[in-house]
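Below, each structure is written out as structure tokens.
The two complexes that follow have chain A in common; it is paired with chain B in the first and with chain C in the second.
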Partner chain A sequence: MTRFFRTRQAALTPLLLLSPAILTMLFVVAIPLVFSFYTSLTPYRLTRPETIETFIGFRNYVRLWEDAAFWAAFWRTILFLVIALNVEFLLGLGIALLINKITWGQRTLRTIMMFPMMFSPILVGFQFKFIFNDNIGIVNNALQSMGIIDFAIPWLVDARLAMFSIIFAEVWMSTSVFAILLLAGLFAMPRDPLEAAKVDGCNAWQTFRHITLPFIMPFAFIAMTIRSLDVARAYDIVQVMTDGGPAGRTELLWTLIARVGYENARMGQANAMAYVSTILSIAFTYFFFTKLVAARRYMGGAE
Partner chain B sequence: MMKLRLKALAATAMVPLLAGAVAAQDYGNFDGYTLRVKLIGGAQYEPLYATISDWEAATGATVEILSRKNHFELDREIKQDIAAGTLDWCVGSNHTSFAPQYGNIYVDLREHISEDVLSEFVQRVLDHSTVDGRLVQLPRHSDVSNFYYQKSLFEDPENQAAFEAEYGYPLAPPETWEQVADMAKFFADPPNFFGFQYVGKDEAVTGRFYEMLVAEGGQLFTEDWEPAFNSEAGVRALQFFVDLYEAGAVPVGVPNYLWDDTGLGFGSGTVAMNLDWAGWSAYFNDPANSQVAGDVGLIRAPMGSAGVRTGWSGSHSFSITETCDNKEAAASFVTFLTDHDRQMIEARTGLLPSRSEVWETAKAEFAEGGNDFLVEVFDTYAASMAEDAFTPPLIPEWIEVSNVLWPRLQAAIVGDQTAQEALDQAADEARIVMEDAGYL
Partner chain C sequence: MTRALKKRLKATALWLTTFVLMIVMCVPGLWVVLSAFRPNREILAKPPVWVPQDLTLRNFTKIFGIGEETVAIPVLSYFWNSLVIATTSTVIALIIGMAGGYAFARFRFRFKNAWFLGLMLFRTVPGIALSLPVFMLWSRLGIIDTQMGLIIVYVSLNVPFTVWLIDGFFRQIPMSLSEAAQVDGCTRWQAFWKIEFPLAKSGIAAAGVFAFLTSWNEFALASQLTRSTDSKTLPVGLMDFTSQFTIDWAGMCAMAVIIIVPALILTFLVQKHLIAGLTFGGVKG
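== the complex of A and B ==
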């Protein structure tokens, strides 16, 4: 009998020790998630709290399914994500490789590189909104003064240019995330394979392609996971620069969700949108983690 | 009481002018009380808050400012407070466009502020501050847009001759929006110079469309709250913006412009005419910031084809929550912030007072100081506040209707849809909003 209790106690001990963590997770993650999911099944309006008690099943989701504007924003967000992540990765890689070569002033450069990340996204939005202003903005004025163009480029109005301008601002602000993580990868890289490659007569491109790049790819996938979650929630810069316009040309998921949830005060409907949009984040995170595991396996690392 | 007098005495010694004004009215004694407030922030609004310490000195109360955000962020925060049931503060900044959304969270001020005080406010502005028969906000300053133009362009004999030859009537500051369209096209020389400009997104473009709709004889809703802006008048109103855009008479970026873009644009000297708020007047005529300083003409907003002037108007205001634990102190505070001397502080920067007497005092002060431009500004805006100003429908759904309308207005402006198609689609979407809200 005593033995039975002792065994049971031993079995419960890990659970007991883990309980603070489990309770914290429950209160911080699970309950808010369940609550917000429940609100997505109601016509909950922030300004009329009693509406949270009206259960309407999946009506908000059915509406979403038929909402062309939502799906346009959904696909546009994917496009935005793919372009921004690739450009940030390529630029970040270039910067990391260049800084890795520097032997003097590297620390100062690393600090300078982080400057754009220190600005609030709202300030970055305002800065680029005025840079790309068609009439008094610096870009058009410079191009016109140099005689390159004799018309005003509608940076924030034309569908492609407006997306370009927003991606430009996003890339300007966040490329350093990639650069700093890839630089960490380069610092951690063992010298032996590089020296072996040199002895074997590999040229610089071959060394980079077959040794350096595979080694830093796990770092790149971690950066991509972090940034994909960030970019999928892009809001401040877009809100300030175009607010999703003109005519929905730059509407992304979170400008739409924030407008529905806060300005229109329809939090139930906004939560339904947010839940559908999390599919996107889950898909990207799953994709990058799969790539991360594959990259590590390729390098002979632990899975 | 002795303590209050001593504090008042100390305040008088430190700031004789302001404290003298505060002493002129009894704001009560709320010794030891802490009044929690949420105020709109921003450079334009801050000078008024510098005087809060005078109210604290006069009443013995302390003011705790919980928030100082722009109106859109403040709106978001207030909605969160309503949802979370955390309306544990007393005074909040408000606006005529936002006020109807908040239901009954704010008190009817007629029950807390004496009729003597209220009678000193401009009646029309008080009417605009009333929702469902309740005065839910005390107006701090009002605004309406009037028409600015570069005087030298209109006085140039060459321009006068060329314009008359092309359009068959003399070049003079426009009386109608049809004339504005002619003149805008006449002055335009893109990309270096533009005839006109307008804000093109968010509630800003909805408001501009709405006032043009009224000037064209149309209405947003029928009496039964059926959307009615896709009428002939609506199409005419929207077509005004579309035509100017297609003609290149306005900057190509206008669909993305907000108030700062149009204000800075006119100040840069690259735009001939501009419909704007009074708050920009001082900036336009300030040689340190504006290329058109000394050359700024101002007239009342032109008329549409219905013979009505555009006059979309709104007021910044203060409200007191129903949950406030000391409504007397809150009423004293909002009365103080909107009293004669406080409104003079804002009037000196070009903001339009909501008290009748301040209009006269401010004008007299400007005239005495030789500031003829601000006298002209106050004369022009006084006329439009008295005769032209109107608000959007004071219903909780205004912002939501605006949010379905403005992307369609943009779609017509940039040529994705015709004016009729855009307004029809917006009307369908607005109908759903009104149905959901129980109007239809």
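== the complex of A and C ==
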């Protein structure tokens, strides 16, 4: 009797403990998402509230399919993410390897490295808007003072340069996530396999490729998962740096959603876009999370 | 001798490379901080003034309305809103996260991984995408442009990550400790508060700082869910300095410093625990 009661209780306790978390997510995320899905099936406009009751099926999604501006923003977002994440990973790995080698002042360097992580994305955007400003920015001023150029480079006005500047800001902000976590991986690495490799005559590259890299990959996936949880914060950067301009050439999915939803007041259409962007984010996170779980299992339960 | 020298040289070169790299990384931030203490006319000067000629606190006194008749931008109320919203949502998220994290770290139950993944996937919804339905629902509920409206959203934003971090911290504490306490006659509840909580305390503080900073720095949702001094936070207020044709660079830099200083101090205090929590205790830093 008591035993029966005990096991029942043991099975219920974790769910009871989890319930506040689950309820919160249900109320603030799941229910709004359901509402959002319904809205995406209506021609809802903020200026005409009654339109929320008109049901038009998947017409908003069909319209998206034919919308060139949407696809441009969609592919630009994918490209942006692929470039940014790869550069951040490689730079972060480089920095982690450098700092790992250093013995004097390592702690200080690690602390300094964490600073960009704590900048509000909106601040990062402002900071680089200031620095890349064609008239008063430090970059152009420095280049002109050194006599390298005698004109102002239109960093945020030219479409390609603006995209470069945005990616630069994004990389500046997020590289440290990778560097910090990869460095943690390097610290946790056992010494024995490295010594064994040395004895067996492996060169530096072979040791890195076959011992170090596989060991720190789970840490890289942790970083990727954390990053993919809020890739959309790039919205803040773009919003303040270029606002999607010039002429929509730096428009990402997220800025497009804000423009259609709030500026054009076409909520139904914007919600359809928001759904696409949500699925995109979930796919990213899911992908890296399964990689993380697989890598951890491969490591033999490093959890 | 030469070999030792070579080794030494190599180490110095390595250190210098890293040091230069770090400087490059810090310059953008430092430039903003420096500009916060310079008058606008020096920032706008052509040819550029490289060595600051007159450093001043005027940008700060101006945005706080000290010695001014009218305050153009109510930074003080933004600051207060940010503080209240970030603190409250952090405290609530910590309580919820502690319960959830403990459940994941200490219990076996069905679909455990699925629950965890589900929680994370909810976090991944882009802020701006979530803002659309929340904006519509909150308007109906009448909590648009209130501190409470934003607090509720930020709690849900912070819960998944807090659970993740706190789960990691509890896992680092051997289960045998609380079992021993229970053998000695503690209830599980007492064992938690007397043994496990004190050990995980610094980790939980780190999770709290992380949650605080997420709320403190958030822009996408806040920019749509706030309208006035009733609830506008600092990141949203930063945009007040830009009008269609002019930007008050010095004022914005000063505001940037106000946003970043609390964040840096908090990060500095808990950085060690934060890394440890993120990697499930893989480090002994």
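The rule is simple: the second predicted complex is superposed on the first by the 237 of 303 C-alpha atoms of A that agree within 3 Å, B and C clash if a C-alpha of one lies under 4 Å from a C-alpha of the other, contacts with A are read in each partner's own complex, and residues count from 1 in each chain.
Simple rule for what comes next: a contact is a pair of C-beta atoms (placed from the backbone, for glycine too) under 8 Å apart; a residue touches a chain by one contact, two chains touch by 3 or more.
Because the structure is a prediction, the values reported are computed rather than measured.
Asks: Report for A:Ala274: first if it touches chain B alone, second if chain C alone, otherwise both or neither.
Replies: second
Asks: Give the label of whichever partner, chain B or chain C, reaches more residues of chain A.
Replies: C
Asks: Please indicate which partner A:Arg209 is in contact with in the superposed arrangement: first for chain B, second for chain C, both, or neither.
Replies: neither
Asks: Quick one: is A:Thr47 in contact with chain B, with chain C, with both, or with neither? Answer first, second, both or neither.
Replies: Only chain B is touched by A:Thr47; chain C is not.
Asks: Please indicate which partner A:Lys198 is in contact with in the superposed arrangement: first for chain B, second for chain C, both, or neither.
Replies: neither
Asks: Please indicate which partner A:Gly245 is in contact with in the superposed arrangement: first for chain B, second for chain C, both, or neither.
Replies: A:Gly245 contacts chain B only, not chain C.
Asks: Once chain A of both complexes is superposed, is A:Tyr262 in touch with chain B (first), chain C (second), both, or neither?
Replies: In the superposition, A:Tyr262 touches chain B and chain C alike.
Asks: One more residue to check, A:Ile136. First (chain B), second (chain C), both or neither?
Replies: After superposition on chain A, A:Ile136 lies in contact with both partners, chain B and chain C.
Asks: Residues on chain A in contact with chain B in one complex and with chain C in the other?
Replies: 135-136, 262, 267
Asks: Chain A touches which residues of chain C in the complex?
Replies: Interface residues on chain C, with respect to chain A: 11, 14-15, 17-19, 21-22, 25-26, 28-29, 31-32, 35, 43-44, 46-48, 50, 95-97, 99-100, 102-104, 106-107, 109, 113, 115, 117, 119-130, 132-134, 136-137, 152-153, 155-156, 159-161, 163, 171, 213, 216-220, 223-224, 235, 238-239, 249, 252-253, 256, 259-260, 263-264, 266-268, 271, 275-276, 278-280, 282-285.
Asks: Which chain A residues qualify as touching chain C in the complex?
Replies: Interface residues on the chain A side: 10-11, 13-15, 17-18, 20-22, 24-25, 27-33, 35-36, 39, 95, 98-99, 101-105, 109-123, 126-128, 130-131, 135-136, 138, 141, 145, 172, 180-181, 184-185, 187-188, 219, 222, 225-226, 228-233, 235-236, 239-240, 254-255, 257-258, 261-262, 267, 270-271, 274-275, 277-278, 281-282, 284-286, 289, 293, 302-303.
Asks: In the complex, go through chain B and note every residue touching chain A.
Replies: Answer in residue numbers: 72, 75-76, 79-80, 82-83, 85, 101-103, 190-192, 194, 197, 200-202, 251-253, 255-256, 261, 264-265, 268, 270-271, 396, 399-400, 403, 406-408, 410-411, 413-414, 416-417, 436.
Asks: Can you check the complex and tell me which residues of chain A touch chain B?
Replies: Against chain B, chain A makes touches at 43, 46-49, 129, 133-136, 140, 144, 150-157, 162, 241-248, 259, 262-267.
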